[in-house]
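Presented sequentially are two complexes of chain A, the first with chain B as partner and the second with chain C.
The block that comes next holds the complex of A and B.
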């Protein structure tokens, strides 16, 4: 079973919930697909036993073969190839999306591809949780290609929890694609609800089963409860506003790690998810 | 005229709370929401929509089932795994994944692929009691749009210049991706809102490393500063070492949470001491970097 933990809005508690759930459901795998700001292992604290570079194919032009026909730069939909007539032709790493089109159109067979690093995929294990973490290099503009690589590294034979990026854009879509169930963590504020509705557009479109975790459930408005009833989405857990949880979180401890009570609550949450998927 | 962006790295540290206060405290400015994926500034600025335009960006491929000979060549060449083969063997394009690269159109032997302009959302101009707001709305599932952010900023700058305003205040997105890069390129200053948690500090360092590539003047705000005083001190030290002013620290206060839930800014709570903290953020930032004396 693959469970993705998403939210729409940032800072609602996705990572806290994902890591706690993993602790209570271990042995299990935890995948951090918030590759711009990966935080799951700050709460899990596994030693990274191994890591590998993540790279994309990047066009390299052999100037001995190039005759400056400009077919590559004409084809590139992103204007990512610069032609300096008579001098040099090169692709711009910040713009290139590695589609491979320039290599196909080149009549001189002058374009080959070399790997260009965009980040890392790191692996570790603690508390019976195998963690797989994507980390985007600073300065890379698109996180989608790295997010898309992660399912290839899902450990086999284990259930998987995916800690998603914030927002409801394409990296989130890719983080939800393989999921059997999507757990949406929200808070009862106009911001939480606004962004939750964006996330629900995606889960509807991908036809995913969803459930809610309402974090800081005792603040703000009750609109979230109405939304859940209207949309027929089960609220599977409510977590109250707690300075105790906030303080532990600040030091990198998730509720299921520091509290027997929360470990049991997250075990119950896992059971409820299993029932929903069945 | 100067452009100031509010960023954080980690989501939920209080960017929108800070800018909601600055919107009420700073005169003569234009507001831009550069988090088009989760545009929240409109929630706390009571906007009246003045105009809205459909925003198109890039293209996506469409396969004509009549012409398609199901040769599978497009799927084999798509680097974005975005050619879908249906249960009935028909070919179509996943519009979330398609990057509009046109490789499928290039390789199709049956000329069955056409490119279509993609509507990726809306760009809106609204009047608020605190000045004009330019905000976008990215359709759910679209690729994060640096270009939409750049366009919104251009509109904001134009409006500020027209009115001879001093400031464009930009509410940034979480993370370090293209939306954030587009909100940092060419701005004059960045106010980074963090909190004393290991996660937020980790993300703060990443986003400041990104911002430093752009040679931007950076000031730091520590929100929820009393959650962990030793980590608050650590942020202090780190800011000092990196020669960034600590603009203010704001303790965790349930009244702020409740005010925001009621679409109000913390400076509307009516507690002068609290309002002063938000005034300090701005005044300290201006005095450090933009004072002409």
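The block that comes next holds the complex of A and C.
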């Protein structure tokens, strides 16, 4: 079973929930697909036993074969390849989408591809949790290609929890694609509700089963509860606004790690998810 | 030497365009004869991305030696630099004619650093 933990709005407690759920459901795999700022392992604290470079194919031009016909730059919808007649031809890493189109249209067979590193995929294990963490290199303009690579590294024979990036854009869509169930962590604020509705547009489109975790559930508005009833979405857990949780979190400890009570609550949450998927 | 001036219109009296990649038009002036040899309506105004790259490539392949624009973004800067095209700032000048006169008298500032990026993600 693959469970993606998403939110729409950032800062609702996705990672706290994902790590706690993993601790209570271990042995399990936890995948951090928030590759622009992976932070699940700040709470899990596994040593990275191995890592591998993630790369995309990037066009390189053999200037002995190139005749400056401009077919490559005419083809590229993103203007990611530059032809300076009589001088040089080069692709621009910030813009190139690695589609390989320029290589195909080149009549001189002058374009080949070399790997261009965009980040890392790191592996580790602690508390019975195998963590797979994507980390995008600083300066990369798009995280989607790295997010899309992660399912290839889901450990086999284990259930998987995916800690998704915030927002409702392409990296989130890719983080939800493989999911059997999407756990949406939200908070009872106007921003929380607004962004939850954005996330629901995606889960509807992808035809995913969803459930809610309402964080800081005892403050703010009751609109989330109304929305859940209206849309017939189960609220699987409510987490109160708690100084105790906040204090432990500030030291890098998730609720299920410091508290037997929360370990049981998250085990219960996992059971409910299993029932929903069945 | 061929100079390309970014303008919002199509004559020397037109205002300078502060943008480069998405500038409205380019006036191409031959600085030896002082004649406008071409007026290019920029096809990259509404480009989805990489407008500066495409505009730079277009001007480079027209044999332009120097460009005058309000600012030049990082992608444009990279291509213009690779094409050995000099970049000058028209900031503070109202019309293409003013900027060109300043260029002729050596008053225009060279752009030696790219401005901020403005692109779609």
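In this section, the second predicted complex is superposed on the first by the 278 of 278 C-alpha atoms of A that agree within 3 Å, B and C clash if a C-alpha of one lies under 4 Å from a C-alpha of the other, contacts with A are read in each partner's own complex, and residues count from 1 in each chain.
By definition in this document, contacts are C-beta pairs under 8 Å (C-beta built on N, C-alpha and C of every residue); 3 or more make two chains touch, one makes a residue touch a chain.
Note that the structure is predicted; figures quoted are calculated from it, not measured.
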(message) For A:120, using the defined touch cut-off, is the partner it touches chain B, chain C, both, or neither? Pick first, second, both or neither.
(response) neither
(message) For A:100, using the defined touch cut-off, is the partner it touches chain B, chain C, both, or neither? Pick first, second, both or neither.
(response) first
(message) If we overlay the two complexes on their shared chain A, which of chain B and chain C does A:148 touch? Say first, second, both or neither.
(response) first
(request) Between chain B and chain C, pick out the one touching the greater number of residues of chain A. (result) B
(request) Determine, under the contact definition given at the top, whether A:15 touches first (chain B), second (chain C), both, or neither. (result) first
(message) Looking at A:181 after the superposition, I want to know if it touches chain B, chain C, both of them or none. Which is it: first, second, both, neither?
(response) neither
(request) Could you tell me if A:266 is touching chain B, chain C, both of them or neither one (first, second, both, neither)? (result) neither
(message) For A:88, using the defined touch cut-off, is the partner it touches chain B, chain C, both, or neither? Pick first, second, both or neither.
(response) second
(request) Scan A:79 for contacts with chain B and chain C and give back first, second, both or neither. (result) second
(message) Just checking: does A:191 make contact with chain B only, chain C only, both, or neither of them? Give me first, second, both or neither.
(response) first
(request) Could you give the residue numbers on chain A that contact chain B in one complex and chain C in the other? (result) 77-78, 141-142
(request) Quick one: which bits of chain A touch chain C in the complex? Just the residue numbers, please. (result) 70, 73, 76-80, 82-85, 87-88, 90, 92, 94-95, 141-142
(request) Quick one: which bits of chain B touch chain A in the complex? Just the residue numbers, please. (result) 9-13, 16, 37-38, 40, 43, 58-59, 77, 79-81, 96-97, 99-103, 106-107, 138, 140-144, 146, 173-178, 181, 195-199, 202-203, 206, 209-210, 213, 224, 227-228, 231, 252, 254, 257-258, 260-261, 263
(message) If we count contacts the way the header does, which residues on chain C are in touch with chain A in the complex?
(response) 44, 47-51, 53-54, 56-57, 60-61, 75, 78-79, 82-84, 119, 121
(request) Enumerate the contact residues on chain A facing chain B in the complex. (result) 8-12, 15, 34, 36-37, 39, 42-43, 57, 75, 77-78, 97-101, 104-105, 136, 138-144, 148, 165-174, 188-191, 194-195, 198-199, 201-202, 205, 216, 219-221, 241, 243, 246-247, 249-252
